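Notes for the one structure printed next.
Chain nomenclature is as follows: A, B, C, D and E, assigned in order of appearance, with residue numbering initiated at 1 for each chain independently.
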Amino acid sequence: LNSHDLFRDTVYGPVEWRKHKSWRRHFPEGFVCLQVLAWYWPPVLFVIFVGVLVGLYHTYLQPLGAPDITRDDYTQPFTLTSFALALLLVFRTNSSYDRWWEARRMWGQLLNITRNLVRQTYAWGDPADGPMKERIARWTIAIVYALKMHLRRSKRAPNELLDVLLPHEIEWLEKQQHRPNAATQVLTEAVKALRVSDYQRVMIDSEITNFHLNLAACERLFSQPIPVAYTRHTSRFLLTWTSFLPFALYSRFQWLTPFVSAIITFLLFGVENIGVQIEQPFEVLPLPHFCAAIKKHILDMVACHAEAKALALQS
Amino acid sequence: LNSHDLFRDTVYGPVEWRKHKSWRRHFPEGFVCLQVLAWYWPPVLFVIFVGVLVGLYHTYLQPLGAPDITRDDYTQPFTLTSFALALLLVFRTNSSYDRWWEARRMWGQLLNITRNLVRQTYAWGDPADGPMKERIARWTIAIVYALKMHLRRSKRAPNELLDVLLPHEIEWLEKQQHRPNAATQVLTEAVKALRVSDYQRVMIDSEITNFHLNLAACERLFSQPIPVAYTRHTSRFLLTWTSFLPFALYSRFQWLTPFVSAIITFLLFGVENIGVQIEQPFEVLPLPHFCAAIKKHILDMVACHAEAKALALQS
Amino acid sequence: LNSHDLFRDTVYGPVEWRKHKSWRRHFPEGFVCLQVLAWYWPPVLFVIFVGVLVGLYHTYLQPLGAPDITRDDYTQPFTLTSFALALLLVFRTNSSYDRWWEARRMWGQLLNITRNLVRQTYAWGDPADGPMKERIARWTIAIVYALKMHLRRSKRAPNELLDVLLPHEIEWLEKQQHRPNAATQVLTEAVKALRVSDYQRVMIDSEITNFHLNLAACERLFSQPIPVAYTRHTSRFLLTWTSFLPFALYSRFQWLTPFVSAIITFLLFGVENIGVQIEQPFEVLPLPHFCAAIKKHILDMVACHAEAKALALQS
Amino acid sequence: LNSHDLFRDTVYGPVEWRKHKSWRRHFPEGFVCLQVLAWYWPPVLFVIFVGVLVGLYHTYLQPLGAPDITRDDYTQPFTLTSFALALLLVFRTNSSYDRWWEARRMWGQLLNITRNLVRQTYAWGDPADGPMKERIARWTIAIVYALKMHLRRSKRAPNELLDVLLPHEIEWLEKQQHRPNAATQVLTEAVKALRVSDYQRVMIDSEITNFHLNLAACERLFSQPIPVAYTRHTSRFLLTWTSFLPFALYSRFQWLTPFVSAIITFLLFGVENIGVQIEQPFEVLPLPHFCAAIKKHILDMVACHAEAKALALQS
Amino acid sequence: LNSHDLFRDTVYGPVEWRKHKSWRRHFPEGFVCLQVLAWYWPPVLFVIFVGVLVGLYHTYLQPLGAPDITRDDYTQPFTLTSFALALLLVFRTNSSYDRWWEARRMWGQLLNITRNLVRQTYAWGDPADGPMKERIARWTIAIVYALKMHLRRSKRAPNELLDVLLPHEIEWLEKQQHRPNAATQVLTEAVKALRVSDYQRVMIDSEITNFHLNLAACERLFSQPIPVAYTRHTSRFLLTWTSFLPFALYSRFQWLTPFVSAIITFLLFGVENIGVQIEQPFEVLPLPHFCAAIKKHILDMVACHAEAKALALQS
């Protein structure tokens, strides 16, 4: 039971969308519930514990003359601050969502960057450039896998690269410090060796420039969290608010207090936790799937190029 | 009665806008009401059911000494969390709206991409390039239909393509894995064969690059939902909140409770559901209409090109 | 008294801004008040009507034993949903505002598109190209008016075009299906006939490409409203909320209820209505003024070009 | 005591930031308080007046049998609408902030536009082009001042231009209708006369194109306020809300009512007023400072160009 | 104990993310707590002081007949304004966050700007250009350090530049007024001296243009705070609200009032303070780390270029 899987993104197709849009999405799912439980028990248990303590105090100590600590009008401070808390939680989650979405957009753009690079290489390159074109297609796939290795901090090239790069190329790539940088340098030199006009070469190269733009954006999202002071203050606000909640609820809910506090705690911590889990999106997004899709599309394009050309030039 | 039609977008013209902006928009529309009913009955019925149970318990079991489960001051937890719930609902709907709007912008940009491609081809191409120009116009229409086929996962070319592509071209397109990719490869080769200066060719080609950008964005919106943990937590929050609502309302509303709870449930689930239904916009947007409009505009431009040229060069 | 004028935008200058920023902006303006009244009477009257009915029921039927329908604690459901309602209203208005602002930006960009087109044509064009330069300036003005005709669905060229285009040009333009498309085709051919280097021609043409980008954006804003399910649900939420309001207010306000409900209804419907009225901005924005400004600036630039050139080349 | 200075922006350096970030920012500043007083007295005084009237009515007329107009439970309508009011105020302020920030970005971009224009002119221009390079540097400074004159509607060239342009150039500029347009035409011709390759000329010219983009954005922000219906409705909402506030507060605060109402009025009107004052940012932003900074940077770049070149080419 | 360190950003790697995403993030950290205390004591102490005064007044003066200043229903004004306050706080924090994020993005983009500049220089430059390529790599590193010096207002070149620039180059750079401007002029001349085609030179130069875009954005963020009227009004609102809070809480919390007020004050001032501390992000972001990373990457790329070229051209 790996509770982190709760936040893994999967790739959607028509079937998933149909399920997603139907009313059945509101049904509780057995396995997911267990994962949720595995995630949220620490704060929930803590608040239940506070609630029980408050109850015990009220039941056993107060009749002995201990000062009253739970009163109906203790709810006022919670009402006054619930807006600020809700706004903080939702805005923070939204900032994380923006980061997650930016990472997803960057990986989505790798699709058009790689496709355009191969499309233009095959259309504009001289027929005599066959092997060089193929090499460009191979290294185009390689820069995407190199980016994945870089973001997941893996040192070994994945198996999917074995039929793309030659053994000595893989070996060289693995021993580089900054693999995406190194791979784009190879690609740049290969594009330079292509027999196309200077202007066309620069256009093809501009997709490598775009790749670097995406690469830098991914590195930024990886190395820079949302200001930790912000994250910590939200956590502090939430923890203070939920810890004191049983004091305000007890006079109304008596021994239901732990239960009610636990539900509120779970709902609010759930919002905060989503924000934290998707803040660094590269563990959450299905990068291997994206890489495989790009590899497949590039190979398809290479395979159908001759037919496409024949179709365009038929007379 | 297909309740999904409730979320289908239609194309607006001056008449629709006049109606849209008048006060009559607030009148309930008979048929739409039925569709709404068809959508929202499950959660509404569930909450009514809970409300009736609470009422029965209060009426028959409580006089027999069963513990009190509905009290006036049970509303506090709902007040404390209603901000967070409302914010979650509206932010989620907004994120979906942004996705929907991005998809719409992408399809709107297909208009200028295709127009510029054809405009430049016809203006810059050599007079001797007539057949090639026409072929480019035809394949420009084809890439848009190919995109629609791709997003709707349809395997057969629509009838509207029959008078655009030749039979063997349609056949070839249908048997491709990734139809938009294949179609742009044909288009690229056709542009390459045009007798224009290298620099102009690259400019025309840059619109194909733009098409790929839109294509990748559409694929991203299709394959990537908003993090499901977010969607599920919102659903969980909403369901918990509305399920317990009758307990808090009963002491005030007695047997009106099921009715009042049902209205609140309908209003809040309505917000959430809009967010989910427009999250994947390609079933909701009128893609066939967009394709037909692009086809019509391209054919118009081809038809009036000679006159426009004459007008520009008259002396 | 055309109540729609309430939402017409006017062009601001220093005088208007001074008035806008002074405290006097809070003073009620007599004529505007009438327009407001003309707009908002239907829902306000409806809610007053409900309020009066509730009052009559309470005064005449309840003493006869009719069940109590107005109680002080009926306000709870309104408090619980007022956040969601307020957020919906304001977010919807904001989405409309974003559309309005995009439309305004698009028309603002026509200024730099047309100026750059004419500026580069006159600076780079061969001195022998005089008549062609003038023709480009004329058609640059024409594409803007053609866009206005297209968005306002007017079939006749406005009088302001009479001294810009020649009669047969106007006639040709009027009989086109898609006038902005046709006009840019003429302009493209005219730019093609200019004696400039290939590279410069492509740069001038890129402003026509930018025009098409704006054109497509305007067409998108015109033909695509915010999802109607969203608009309708907001309307439904608001109408339900205000219709039931008198029931909750009566026990506190008695015969002031219709008055208080009417004010709240007016304030909330006012927010919603702004959102709907600026959703399709082309009836609201002063397009004729924008066109006239562009025409004037282009003619000014043509007129002062020779002096500017002399100033730049003086020795 | 010019109360408008309250909203003037100043340029920050390390010293200002240190003060800004310290706790002392919360101390009331004597002079600013006076300015604030000078701004907000009209609505505050009005609400105090209403509060006193309500008090007098309650003290003198109600004991005589006048109907009760202040009751404790009159606060409900204010609670129900306070979210909508707060959202309206803050969203409106945010829209103004976005406009202000866009204007600031536009003026910030003038820095890189002018620097790149001069940098490329000096690096790429032929050594024999000395006087023309200098003329380009001079007119680059002039277009920025022309933009300031245009946005502030001043007819006379500022003194800072006297040592940049020659007297007859200033005279010519002053008599133009649209000064930034005219100045860029001179600059365009000067760039055209530069002995650089066609391609480089077009790159330098593209910075003039960027300047026009900024110019059009500034004109848009100047001539287009946020929809006045929006502004007026916010004002109406706020005024209605605060005017009736004393009726709800009196039963709780008695003769403290005017004081409490005044504070709330001041706080809420303060939010609205910030939004209105920064809505048209060109009176608020320190344009003269921006112009002077650009002038200084351009002159510095011209001065150190020879040294930079020597450093780059040393062997 | 430098309390400002509370807001310093650090660079995250896999280890930090693992810690960041685990539940342990909610545990209070000893040292951070001290820093927090060092920051927030002034307003917290002030509110405690007010709370104690209110308590003393109520305990000693009120029994002597002093007028009652604390009543249960004094909470109404706080409830009515808590939305506006919370929205102001969170929106302001969000505006600051956007500035912080823009600054971070700008520094992230320096990565791709510098990499592309060096990548293209090494790939396209003539083999005979060896020393000039190296000089370009050196000055590419220098412009980044020059930007850091400029934003931190340091007059001395950092030690990290000693092995990048030659002594006389450092000396020259240090005595410039605007160091990034001067450094890019050197770089421009070096790129001009490269033996590449005109078109390629312009592409390389365009990365210097991009650098200027980032530079201007950083200068804007440094010299322009969020409108101070906005900041001051938020501070005023918050201070007024928290100062009067004890009057409303006393009747409920008696001698717990100072404690409860202190917690609320701390939570709300915490939100405001985050917004102010990250408003000018260049003291908060780890600029030295960014510069070192860029230097390392550039040197790596230079080092592995020959191998990458061999790999691309192998046959």
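The rule we apply is simple: contacts are C-beta pairs under 8 Å (C-beta built on N, C-alpha and C of every residue); 3 or more make two chains touch, one makes a residue touch a chain.
Quick caveat: nothing in here was measured; it's all calculated off a predicted structure.
Enquirer: Same or different for chain C and chain D, when you check if over half of the residue numbers at their contact belong to both copies?
Expert: Different residues, largely: of all residue numbers at this interface, under half are found in both copies.
Enquirer: Rounded to the nearest whole Å, what is the centre-to-centre distance of chain A and chain E, using the mean of the C-alpha atoms as each centre?
Expert: Centre-to-centre distance between chain A and chain E: 23 Å.
Enquirer: What's the distance between the Cα centroids of chain A and chain C, rounded to whole Å?
Expert: Result: the chain centres lie 38 Å from each other.
Enquirer: Which parts of chain E, given as residue numbers and ranges, touch two or more other chains?
Expert: Within chain E, the residues that touch at least two other chains are 79, 83, 87, 199, 277.
Enquirer: So that we know how the chains sit together, what is the shape of their touch graph: line, ring, star, complete or other?
Expert: ring
Enquirer: Starting at chain A, then chain E, how do the chains run round the ring?
Expert: Order of chains in the ring, chain A then chain E onward: A, E, D, C, B.
Enquirer: Which residues of chain D touch chain C in the complex?
Expert: Listed in rising order, the residues of chain D that touch chain C are 42-43, 71, 73-74, 76-77, 79-81, 83-84, 87-88, 91, 95, 131, 135, 139, 153, 169, 172, 176-178, 181-182, 184-190, 192-193, 198-199, 202, 205-206, 208-209, 212-213, 215-217, 219-220, 222-233, 235-237, 239-240, 276-277, 279-280, 283.
Enquirer: With touch defined as at the start, can you tell me which chain C residues reach chain D in the complex?
Expert: 6-7, 9-14, 16-17, 20-21, 23, 25-26, 28, 32, 72, 75, 78-79, 82-83, 85-87, 89-90, 93-94, 97, 100, 104-105, 108-109, 111-112, 115-116, 119-120, 122-124, 197, 199-200, 203, 248-249, 252-253, 260, 263-264, 267-268, 270-271, 274, 277-278, 284, 297, 300-301, 304-305, 307-309, 311-313, 315
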